[in-house]
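Okay, structure first, notes after.
For reference, chains read A, B, C and D in written order, and residue numbers begin at 1 within each chain.
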């Protein structure tokens, strides 16, 4: 029976493990030997960069850092590039975490991957980390009304009033830009409803690739820019001239997807070949 | 115990709790908002207090597996979860800060987060193989599925963005126009169905809650 | 290389990455051990977080005098009566409170967020479209058609076809199905590339560790 | 008067709720009068496939797997309705397994608070077929929090115990891409669906028979055989026609300008 199988049948029924193995190999090669393939910068990224770049000196940036440790690979390029851009400029940065993971990631990434001191930034004067609070939409609303109603201390327990940077920062009115980082696609509505609509706070967002579809409709009317996925993180690295882990990822993505594309073509050749009985002698 | 306490009272309780929450949404009356806050706090405590149930069921299944196959290897498999369970639990109990302690975070980041991230990686393979099997231009519907899938995939790959730049607006169009239309319709339909179940529950007629077993 | 607790962590993490990846090949002891270990870890993590939550949200306030919290705590403990068949009906009480509150939350969140706002967005897009040009008008009308036809696809009480062929509703549902398929494809695609990024991240982690081992 | 009492922006949701409540009253009355029957509904092929899958499992001597999703036991979130539908299917599949003497494995979600309901559904299924003695608690599997352990444990179960039918209905996130595809690869028959549209693609691509989005609610009503649940399908359709009406009114309002649209939807 198996001897009668045509090439078309075989092409459509290749053991999936070949696809898996080839994908693995094609992903590993560019990680080992980066190709440096070019990257196209999209409008969302340019808007995101400009929103930071055009801030006047001394502006206050709030970063709602809802990143997750399990999704580090997708988000790392985005937030490392963002932090570098923020610390390169004369800005005051206020981090807070609506996810428990966010605090852990700030602990492991801030000060190790991006070192504020190397940009001449001092904790308490140029940046503050408020830590974790289970905010959700209601919490974001409370932050807009009164930051001290949600946080009385920073993540180390220092009262906010003892931190020089926090002296005049009380509510959304004192925030010049909100950077909203999140992983649950529908959360995009939180900053829209709680910051943009009531306070008209300029807002940019950074999220996963799969959340891009839900975020894109808000750009550019309600949000000034957005990053979705590590791909746009890479774009920010390139456009903002802040190299990071994204470039190697883009290379690996380019090559890693090729086996799937070939298998997709094989599958359809198989379907068409079988359907029109290509190469089968008529009885 | 009477039928009332066994069956009717719990259903009345569910209805009452639900109606109060709905009322708190429509009416900005402070006592209602306070009740809503109290109930929200209570349900966190109720659900948190039930966690050990999972451990009981995990153990029942593990013992059964070993009884079915009493080999050394199976014994190792059976013991393994408890070794790691103990590692996590002890580091939370004995180190200051509990789950925030560096010792707990060591277990958490090297095992929990790391395996979680790897599971996402595995899904690349399963999505690819399922598409190899199903992305065949066999009908208009299948072609629509492929169009929505492949064009937006290529739009996200840097190489295609650079060498076939037309893929970017085309991919965006698929995403923002037909995807939005279809997705919106599906969301509305599912939301209405969820509401109907909700109203039935508050009505005290949800059959699932009447099952005793 | 010098072995520290951090490098030991990387070694453990690498083992687990390989263990998980090996499941793509076939069932094997490395996968089984890794998988069983993760069950223990995930159960422990769940219990640890929730015990902390019980302490923070119930026990600590109770020690501070808020004795009302004994009610939810007691209700939570009633769930365990499920383990004894004769008393299992008592578990219906905490379940009822949870489902009741959940239903209330769901109704409140769904009415506006998932229905009214979705309809509103469709209309507002059309309203704003003329200012952005002909293509935008076309697009917003297409979204409207997609929304309407997709909703009609999900009707079950009306016949979509008769002996003579498709009804008007049937044609609408047929068109809606095409929109739905495009949406499914786009969702697949959004996740595929994200998962590929995760794969690249994990492989990079393994390669960096291998380099460290060789270099050390 | 009413506007003064209501919270901002809740009049339009209240009207929608009132429409649904009125429809519920009307169709429940019809259900009690015996005027509502499953054969009046459009056919959903995946329902028949469940029985077929149980038959396949018995024939091959492999178990039936039931999955609610790694996070599918949500009782007090916005997704509670989906959990309830999933439980209705669990009750149904338990009955079928008891009837045809197929082995059932339930991959439970991490939310421990849902376990009592899950066990009740399975026990009730066996009991209604007069086979309560066949129920074994060890068929209810628990794997801790997160897709990471759930997906691996489900895959391991397919490998070690085999998979005949894999019925997956409920709340699914990034867990179904593995559980469904692995069942398929290991020779299982996949039937399932979720109300979370963003994950429906997995079911459409990996299942032999799929319940597309809202179809799980309709199918849940049909398999339950409960007239009030069936009435729900008519209520849902009434809601859809009201939504389409609202869309039509919105279009008319759009002709009148921004103020009219705001007046209609901003209520």
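Please note the rule applied: contacts are C-beta pairs under 8 Å (C-beta built on N, C-alpha and C of every residue); 3 or more make two chains touch, one makes a residue touch a chain.
Only a predicted model underlies this, so the values are computations on that prediction, with no experimental measurement involved.
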item	value
Of all other chains, the one whose Cα centre sits farthest from chain B	A
Pair of chains whose C-beta contact count is the highest in the structure	B-C
Intercentroid distance (Cα basis), chain C paired with chain B, Å	4
Gap in Å, rounded to a whole number, between the CA centres of chain D and chain A	32
Chain centre separation (chain A, chain B; CA means) in Å	22
Chain C and chain D: spacing of chain centres that average the CA atoms, whole Å	15
Sequence positions of chain C contacting 2 or more other chains	20, 23-24, 32, 34, 38-46, 49, 79, 82, 88, 92, 94-95, 98-99, 101-103, 105-107, 110-111, 115, 119, 121-122, 144, 147-148, 151, 154, 180-181, 183-188, 190-191, 193-196, 198-199, 201-203
Touching two or more other chains - residue numbers and ranges from chain B	22, 25, 43, 46-47, 50-55, 58, 108-109, 112, 115-120, 122-125, 127-129, 131, 133, 145, 150, 153, 156-157, 175-176, 179-180, 183, 186-190, 192, 194-195, 198-199, 201, 209, 212-213
Overlap residues in chain A, where contacts from two or more other chains coincide	16, 20, 23, 70-73, 209-210, 212-213, 217, 229, 231, 253, 257
Of all residues in chain B, those that touch chain D in their complex	22, 25-28, 43, 46-47, 50-55, 57-58, 60-61, 63-65, 112, 115-116, 118-120, 122-123, 126-127, 129-131, 133-134, 145, 183, 186-190, 192-201, 203, 205-209, 211-213
Contact set on chain C toward chain D in their complex	20, 23, 26-27, 31-32, 34-35, 38-46, 49, 79, 82, 88, 91-92, 94-95, 98-99, 101-103, 105-107, 109-112, 115-116, 119-120, 122-124, 126-127, 144, 147-148, 151-152, 154-160, 180-181, 183-185, 187-188, 191, 195
In the complex, chain A residues that touch chain C	17, 20, 23-24, 27-28, 31-32, 71-74, 76, 189, 208-213, 217, 229-231, 245, 248-249, 252-253, 256-257
Residues on chain D engaged by chain C in the complex (per definition of touch)	9-10, 12-13, 16-17, 40-42, 44, 74-81, 84, 110, 112-113, 115-117, 119-120, 142-146, 148-150, 152-153, 155-156, 159-160, 174, 177, 182, 197-202, 204-205, 212-215, 218, 233-234, 236-237, 240, 243-244, 246-247, 250-251, 253-254, 258, 261, 265
Contacting residues of chain B [partner chain A, same complex]	100, 105, 108-109, 113, 116-117, 120, 124-125, 128-129, 131-133, 135-138, 150, 153, 156-159, 161-162, 165, 168, 172, 175-176, 179-180, 183
